[in-house]
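Labels run A, B and C following the written order; every chain starts at residue 1.
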Amino acid sequence: MAKNYHRAAPVSLDVPLISNQEIWMNIALIKQYHENMPRIQAEKFVLNALQRLDLAHIAYKRNPALTDEERFVVLLLRAAMVKDALIIIDRPFKIIPHLKNSNSILQALKKIDDFYTTCHIYDYKWMEEKYGAL
Amino acid sequence: MSRDLKVGLFIVGTTIIILAALLYLANEKGLFANTYVFTLSSKSGDGLTEGMPVVFSGFDIGKVSTLELNDKGMVLIKIKIAQRHVKWIKADSAFILYRPLIGAARIVVTTNNLNSPPLPEDKIVAMETVNDINDAIKKVQPLLEKITQIAENLERLSNNLSDPKGDLNRILSNAQIITKTLSSKKSFLEMAVADEESVQSIYEALKKVKDIVTKIDKMADKMDKQLYGKEGTLPNINQILKDIAGKLQKLDKTVDNINKISTDTSDGMKDFRMLRSDIDDTVNAIDDVAKKLDDLISSKKDPEFKLP
Amino acid sequence: MNVLENIGRLGVKTVKSFLDTISFAFKVICRMFQYRSYNSAMRMVLINQIYFTSVQILPVFLIVSIVLGSLLIGIAFQLLKQLGLTDYFGNVLMGLIVTELSPFFTVLFITLRSASAINTEMAVMKVNGEMKTLETFRIDVINYLLLPRIINGVISLVLLSSLFSIVLMVSGILFSWLIFGMSTDVYINILLNSAKFFDMVIALIKCAVFGFFITLIPIRFGLRASREFTSIPIAVSGGMVNVFTAIIIIEVLSFLIKLF
């Protein structure tokens, strides 16, 4: 992990979205800052990514306006923007408390699997059954 | 209009306005103008400062850029003149450091002949100084001396005036005495003499003088009559003088005869006796006339003047 | 003894705080001149900041400039006429109003509007843990958050102050004609004769320094907030007091520089 620190991309409530920026800016920030992607290109890229997850409509909203699922997806997408991302999902059911199982999480990961390299989900042992045969 | 465009317009627009204003100011101040540097010399750097304006016909055409001393101790003044004003600087231009009583000092350029060749930049021109302050001091100094003298005199006068034993105070006190005395005396004369008896004597004397004058008047009238009246002395004298004149005419004839006698001496001797007796007669007649005159004059009574 | 100790402690704290601010300012200035500080994200934040600070309020700012500027000019000219000092109106206009009052009013305007907002924003971000987010994703806080805001402060203050001065001078044409019966040519001539390059440069530098510190100090105090929401007002009030102190210090320093 220490060697691949620069690839670590956490998805956690402890790493919140920037509340005074729009969702697309939160997601595009990584590309713009690290890869110096121009704003317009970054915006287009993010909108396409959101489109894949059928969430293009939330691009210009801000963090407090999102639902828990939307917030999770945005956090995931932001993490996926890191180059050769090693996504680390920290307690996803804390982010989406009412979720019954991990299906929607896995579906979302599947839709953007070309954005990241690996994904690790960390949770409490007693949450094991929510993950099923994962 | 996108946000980026608005921001870009704002930054670019405002920057252009600021730069334009600064460039305009710089241009008007002559920052971009070519300048020519001329060197002036002066014995003293007194009153000279860097940045002092150089003025031609009341307009600023340049300024003093540097001041330095040369090896001979002369002050070298380098003036910068803008290109558009360098045409006023000619070889025969005069440079004068003018230090007015009121206002800042400046270097005044005067050019009498604008057709003269331009002043070369490497030539060092001597600068004169016109010092309003020194000239004013020179003019004012004699005046100040006079004023000082007047002030001293005034001081002396005021000391005198304020001194109780001074002239004016004494005059005033005497005048006081005089007026006091006058107020208590009957007449001015009494006050002057301060003695009633003397005053009385003066009055009597004046009265007598009046009488004398009246007498003199009368005597003068009489004298007038005696001298100028019909039977007066002067008409008689006139008459006598006429007689004398007649007699003298006769004497003339006698003298002629004497001349005749001088050629006929012998014959003349008889005539000489006759002549002599004629002369004797004439002289006696004149004597008589003179006596009569004396009698006439001495017959008039001399006025007498008697004084008390 | 306690009193002396307290005074000493306060003095040490003040000096330490002052030195921290200066060293932080120095760090920021160094980053300002590094090419790698300027990436797409940073530029976007910078543009947004300039937009919200200057462009968005431009119409209001121009109206306030015209009203306030006209008021200042009118009062100054009227007073000069009454005192028989009409010869000095050029010096008063350029030396006092344009180079001193213009930057001062602009800095007050920006401080009340933008500096307080920046201060609050930083404090809230700190409380929300958003600073941690940036650190987690290896986004330099100075480069991404601080630098755009500070550069925005410098640019906005210089440009807005200059606009204020220009509006003042233009309204001066009207008032000089009304009060002194002066033509535009004569007015411009007087302005040119009274304008000193050095004073104007000092005024521009002063605006830049103002802009630098009225954004730096609120950011520093905002970043001092803890994880509790109650620390936000403390951070904001402390920041704003220090901003006004900095304004006074900068004014005094610029005055001293002009003197010597």
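Odds and ends about this structure:
Just so it is clear, a contact is a pair of C-beta atoms (placed from the backbone, for glycine too) under 8 Å apart; a residue touches a chain by one contact, two chains touch by 3 or more.
Quick caveat: nothing in here was measured; it's all calculated off a predicted structure.
Distance from per-chain Cα centroids to the pooled protein Cα centroid is smallest for C. Farthest chain from chain A, judged by C-alpha centroids: B. The distance from the centre of chain B to the centre of chain C, with each centre set as the mean of the Cα atoms, comes to 77 Å. Each chain gets a centre from the mean of its Cα atoms; for chain A and chain B, those two points are 117 Å apart. Each chain gets a centre from the mean of its Cα atoms; for chain A and chain C, those two points are 40 Å apart.
The touching residues of chain A, when paired with chain C in their complex, are 6, 9-10, 14-20, 25, 28-30, 32-34, 36-39, 42, 82. Contact residues of chain C toward chain A in the complex are 39-44, 121, 124-125, 128-130, 132-134, 136-139, 144. Of all residues in chain B, only 3-4, 6-7, 10-11, 14-15, 17-18, 21-22, 25-26, 28-29, 31 touch chain C in the complex they form.
Listed in rising order, the residues of chain C touching chain B in the complex are 47-48, 50-51, 54-55, 58, 155, 159, 162-163, 166, 192, 195, 197, 200.
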